[in-house]
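Below: a set of structures, written as structure tokens.
Both complexes below contain chain A, partnered by chain B and then by chain C.
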Partner chain A sequence: MELIKNVPCPFCGTLCDDIICKVENNEIVGTMNACRIGHSKFMHHKDATLYKKPMIRKANGELVEVEIDEAIEKAVEILVNAKRPILYGWSSVSCEADEVGVELAEELKALIDNTATVCHGPSLLAVHDTGYPVCTLGEVKNRADVIIYWACNPMHAHPRHMSRHYFSRGYFRERGRPDRTLIVVDPRESDTAKLADIHLQVEPGKDYELLDAIRAAMKGHKILYENVAGVPRDLIYQAVELLKSAQFGNLFFGMGITQTSAKNRNIDAGICAIEELNEYGGKFTLIPMRGHYNVNGFNHVCTWTTGYPFCVDFATGYPRYNPGETGTNDLLQNKEADAMFVIGADPGAHFPQRALQRMVEIPVIAIEPHRTPTTELADIIIPPAQIGISSEGTAYRMDGVCFTMKKIIDSDLLSDKEILKRMLERVKEIHASESKMESVKEVTSPAK
Partner chain B sequence: MEYIIKNGMVYDPLNNIDGEKMDICIRDGKIVESVGESAEVVDASGKIVMAGGVEPHTHIAGPKVNVGRMMRPEDSEKDVEAKSGDRRSGSGFSVPSTFMTGYRYTEMGYTTAMEAAMPPLIARHVHEELVDTPILDKGAYPLLGNNWFVMEYLKNGEVEECAAYIAWLMRATKGYAIKVVNPCGTEAWGWGGNVHGINDPAPKFGITGAEMIKGLVEANEMIGLPHSVHLHCNDLGHPGNYETTLASFDIAKNIKASPKYGERDISLYGTHVQFHSYGGTSWRDFESEAPAIADYLNKNDHIAIDVGQITLDETTTMTADGPMEFDLYTLTGFKWANCDVELETGSGVVPFIYSSKNPVHSTQWAIGMELFLLTKDPGKIMMTTDHPNAGPFTRYPRIIAWLMSSKYRNDLIENELHAWAQKRSSIATIDREYSLYDIAQVTRATAARVLGLSETKGHLGVGADADVAIYSFNPETQDASSDYMTIEAVFRMADHVFKDGEIVVKNGELVKPRIDGRTYWVNCHFNEELEKNVISDVKKKFKQYYTVNFENYEIGDGYMRRSAPIEIK
Partner chain C sequence: MIKGTGDMMSKIILTPKEQPQVPLEVDTILPDTLAGKTIDEIKSMNILYGNTEVELQEFFDVEGESGEDPSELQIEFNGDVYNTKRIGQGMTTGEIVVKGNASMYVGAKMKGGKITVEGDVAGWAGQNMQGGEIVVMGNAGDYLGSAYRGDWRGMSGGKITVHGNAGREIAEYMLGGKIHIIGNVKMLPGIHMNGGILIIDGNVISRTGGEMKGGTIIVNGRIGEFLPGFEYLGVRKDIDVDGEVMQGLFYKFRGDFATKGADGVVYTATAKNAHIVP
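Our next item is the complex of A and B:
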């Protein structure tokens, strides 16, 4: 048995890079250091179906195995003939694949968008409004004496996040946990909230009110009500005192605040609060708790190639950005989209019903290693070699620190990047021959 | 493929050629003595020929640059390009997307550009973006002025250990030069503070900016890196900061430049010095001290600077000087991005509007111009806007026109700028005009020499890389001083550009958008025995304080399409 060390884990945005994989006969037979979710990603859940060959759905609904060339050809045919294709997902693949994806979108005049559209998209909109005062996770570990988890539950969703960055000892926090104060904001008494020194049990959907009260109290205003958003006034004062006297504080926030009613306005208020807290002599930063291990990577790739982080529409030939009009859900729910390409995401499991109804109506292509709700809706399924397990690539952690994901075992399958490259080449060929035809037509058509 | 560029007026300061009519021969990507009969002829009669431009200090790739794009869709939509043939689409006025960055530098006749701030921990990101920046040769400077290892070594007087650490780090991150930003100030920003001047120690580490600069300059020369320490001084943007600037420059005065590659003769490089040449005590009595800085440059040979010229645009400021960006955010009330990087550095991004109606901004414009015009030897000064901090690099043609025409400057001073430009600086009294030779110096030759790349870059002598720019301006019949709008137009869009002997711009059109440039980095071998000890110490601290394992820190060769290591032994 071979032990492969320092493996970055291709599951969540924490990207723990200390996993040890036990490998026997080109199979991962065990892991060390990984959390339960990470472990099952490496090992595959026992009930999961892992595709071994590309498949195309026949008219009777049956999936039939085909060769890769045929699957790619068919996928390209659908995309080239579509008027309003969407290329969606991109969060569980490498940045290198994302780069090819952006070029493919440009070539197809398609819309490209990632899972941020249904998770931290509102955070990105708030960044446009108010800014992005962040730090890397090591700053939290080494300096933070106050940590806030707002509307997230790392004990379950990012299981090693707290042990790596909150309980752990840091340069200026030699004792780890005893040197830090933990504030958790959550309507539930979650397992994270149970560890808190102060739990602000906000009423569901009232985060904005609470943030507003906190900002008012920070500036010395009196809170006129005994309770705000279900939280007692005195507890808010206590939390504010703690925040204002912190040496280094960090806010981690999750989807409980990005996807509840006020959405980006919640995050606006949150970012403003953090910015204002820097005016009291201490230091404050924030880090969004990103979900997929490379959701952040796509946002970066998309930004440096197009200027915008997600919801980029190439219909006019140049990148256009207007979330609310150029989002995946907008196009699906308005029934604009007439083909959908999905990679590194599972919209079948996460999208609202109206969007799924449209996905049923239009051809769907899924680049996906496992059987998922999305592949149930797909007309073409192409399984890739998985990044971080059977192929290499770059991924960006929730704080922007990037890693080279390792190839642990060999696979007969093409990587996401290779599949995309072959598709791109094919699309270019078709476009080139089409433009040749056009010019021939122009020459041969009689002059008027 | 062979080319001959015929009958152009050649400006090549590194070879003392000042507007001579001559032919340039190109074979296999290099400038050669002569070519055969079959060589393709490019007629440059009545045109200017210069080496490809060399940008010594710009921010075009990496986390803070990308956050600048991400935070400002309003900037992106101001300037968009559609896909056209092989040319990729893009967007961004002050922070263009990577492809657009490569195209626009190339169109101006630039063929080399150095990313001036790379957080070592996030080096992968910088290199990923550089790979997507086509055509240009490039490199990146790792940030070391607030690095905990460096601070501890230098605090203990262990310069040699520090040098060994830096040698490893250059290889690990594929870095090119030592960048120092607000030494100790960014570490203080880890706690929400800053340091003031060069003698104010960093909290908890107890070392001062002056000690950091001295130690790093010594380490730089001990290793023999091609470029000198690249210094962004303390107190950026503070009225009265010129004293800090002069004191910082003086630290390197008695340290001898000893590069093991290249022809660099300076031991310190001061960057965007316009932001560091301020007098007064507040914004009320703010005034130019550029004459004092220029005087220092005129009297000392151990230093060269780039200017960081204000272009009077709405732009995006971005720097590893975290506390400065926070101050700018509190000053403007605009949105603010920040990223502190564990054990190493920090950064900030804030949009900014430089207005010709604003007294301070007008004076800042004048200060930059004074630096250019009062520094006698253009071999000590380089043209930059600290892109995008003082303005986008796409404004270089306008700066060239300002430098070449006192009429253009005076029109601006008289009709557009706030009266402070005249009152608080000496700009209105200066009638010096740059010649094309001077322009070639400040946009190519000086940068190539101080970067240690002048063997192959910044000139047109035999053996140089065939990076050549041809501009449609006839110095025999046209006068730059009066025809400054033409100067601005021809330097915006070169007539022809050769990169490594290939035509990439032809008759004012970019024809080869898909070629890759080199990535320069230094492959340092300093003291291998010492490095071993240093690394084992570094490894221990990695486990304790970083959130990345040592083994995942080094970035490997996969992040460069054309790796161009410079061997330092």
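Our next item is the complex of A and C:
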């Protein structure tokens, strides 16, 4: 048995890079240091179906195994003929694949979007309005004496997050946990909230009101009401005093605040609060609790290639951007989309019913290693070699630090990037022959 | 000839054939661009259909007569164009009438002229509007009179009147001009508002004037829930709004003190809003 050390885990945005994989006969037989979710990603769940060959759905609904060239040809044919294709996902693949994906979207005049659209998309909208006072997880570990977890439950969703960055000892926080104060904002008494020094039990969907009160109190104004969003005024004053006296504070925030009620305005108010807290002597930063291990990577790649982080519409040939109009869900629910390409995501499991109804009506292509609710809706399934397990690539952690994902075992399958490259080449060939045909037509047809 | 009387104007009638599922974009079809063109030239003007450019006549029957002067030209969308975006985007003069519903961005970046929509409009109508007038006889969607994503300078002039209801985040980052909603409004009207006037005759769900720094919001209906960052200033009678007197009793609030240097004003009719006074 071989032990492979310092493996980054291709599951959540914490991107733990200290996993040890036990490998025997080109199979991962065990892991060390990983959380249970990360462990099962390396090991594969007992009843999970892992596809070995590309498949195309026949008219009777049956999936038939085909060669990779045939699957790619069919997928390209669907996308080239679509008037409003969507390329969605991009969060569980490498940045290198994302880069080819953006080029493919441009060539197809398609819409490209990642899972942020149902996750931290509102945070990105708020960043446009207010900025992004971010730091690295290492700084939190070494410096932070006040940590806020707002509307997230890392004990369950990012299981090693707290042990690596909150309980752990840091350079300036030699004792670890006893040197830090924990504030948790959550409507429920979650397992994270149970650890809190101050738990602000906000009413569901009232985060905006609470942030408004915190920001007004920070500036010395009296809060208008005795009770804001279920939290007594005096407790808010107490929390504000604690925040103002912090040496280094960090806000971690999750989807309980990005996807409820005021959405991007919650984050807008949150970011402004963090920026303003820097005026009282301490340093304050924030880090969004990103879900997929490389959801952040796509946003980076898309921003430096198109200027926008997600929801980029190439219909006119140049990038346009307006979440609410150019989001995957907007296109599906408005029944605009006429073909969908999914990679590194599972919209079948996470999208609302009306979006799924449209996915049933239109051709869906899935680049997906496992059987998932998305592949149940897919007409073409192409399994890739998984990044971080059977192929290499770059991924960005939730704080924007990038890691090289390791190849642990060999696979006969093509990587996501290779599949996309072949598709892109084929699309370019088709477009070149079309424009040739058109120029021939222009020469041979009589003048108007 | 008297300007803007309607009957003296030359008129182009665009009758929609069938609205496709993939939306159309008609920001090229404005009084500014149609003036001086023949009907045949207009028929072959390009509009966007999904990711493809097509001729206007593929989706619209074109009739009428164009004139040389765009300010004397009226374009009529003679039917329901619920899946046609960017009607009147960037127009500077003339008139557009829509005899049905319209999709997103009606009158976005508009500088002058008048748009009347007899049905509903979808989101972002009057986005970054600088002048002119938009009248919506039905309902309006979200982000009416708002700013482009990330822009902190929203609607700066002109007037928008909505006879029905409006959606969320209307008058976002508004700087100037006037918006009047006769029906109800969802949450966050006047978010980040820095100037201008927003009048809502109906009810507001919550978060009126969130993070506002300037401008005036008047709510004649009921505000479901109010923000804690405002300061209560008492009752005022017959308020003066931009030279016009609005009669009645109003609670006056100033804020939103969540933001630095806040000096926005919210008036709410006393009749239905006793519950938001501390």
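Worth pointing out:
Operating definition for what follows: the second predicted complex is superposed on the first by the 446 of 448 C-alpha atoms of A that agree within 3 Å, B and C clash if a C-alpha of one lies under 4 Å from a C-alpha of the other, contacts with A are read in each partner's own complex, and residues count from 1 in each chain.
Heads up, the rule we're going with is that a contact is a pair of C-beta atoms (placed from the backbone, for glycine too) under 8 Å apart; a residue touches a chain by one contact, two chains touch by 3 or more.
Quick caveat, the model's predicted, so the values are computed rather than measured.
Annotation: superposed three-chain arrangement on chain A; chain B versus chain C shows no clash, the two fitting side by side. In the superposition on chain A, no contact is made by A:352 with either chain B or chain C. When both complexes are overlaid on chain A, the residue A:314 reaches chain B and chain C alike.
Applying the stated contact rule after C-alpha superposition, one finds that A:178 touches neither chain B nor chain C. In the superposed model, B is the one of chain B and chain C that contacts more residues of chain A.
After overlaying the two complexes on the shared chain, residue contacts for A:128 are found with chain B and with chain C alike. After overlaying the two complexes on the shared chain, residue contacts for A:208 are found with chain C alone; chain B is out of touch. In the superposition on chain A, A:299 makes contact with chain B only, not with chain C. In the superposed model, A:221 makes contact with chain C only, not with chain B. Minimum C-alpha separation, chain B to chain C, in the superposed model: 6 Å. Across the superposed pair, chain B and chain C both touch chain A at residues 128-129, 314, 316-317, 321.
Within the complex, the chain C residues that touch chain A are 21-23, 48-52, 104, 123-124, 142-143, 149-150, 152, 169, 187-188, 191-192, 207, 210-211, 225-232, 255-260, 278.
Across the complex, chain A is touched by residues 61, 63, 65-67, 69-74, 76-77, 80-83, 88-92, 96-99, 121-122, 124-125, 128-129, 132, 148, 189-192, 204, 326, 329-330, 335-343, 346, 349, 544-549, 551-552, 555-556, 558 of chain B.
Residue ranges of chain A in contact with chain B, taken from their complex: 5-6, 8, 17-18, 95, 99, 103, 106-107, 124, 127-139, 141-143, 164-165, 169-172, 247-248, 275, 278-279, 281-285, 299-301, 303-309, 314, 316-319, 321, 394, 396, 400-404.
Listed in rising order, the residues of chain A touching chain C in the complex are 83-84, 108-110, 125, 128-129, 208-209, 211-213, 215-216, 219, 221-226, 228, 261-262, 265, 268-269, 272, 276, 314-317, 321-325, 334-336, 338.
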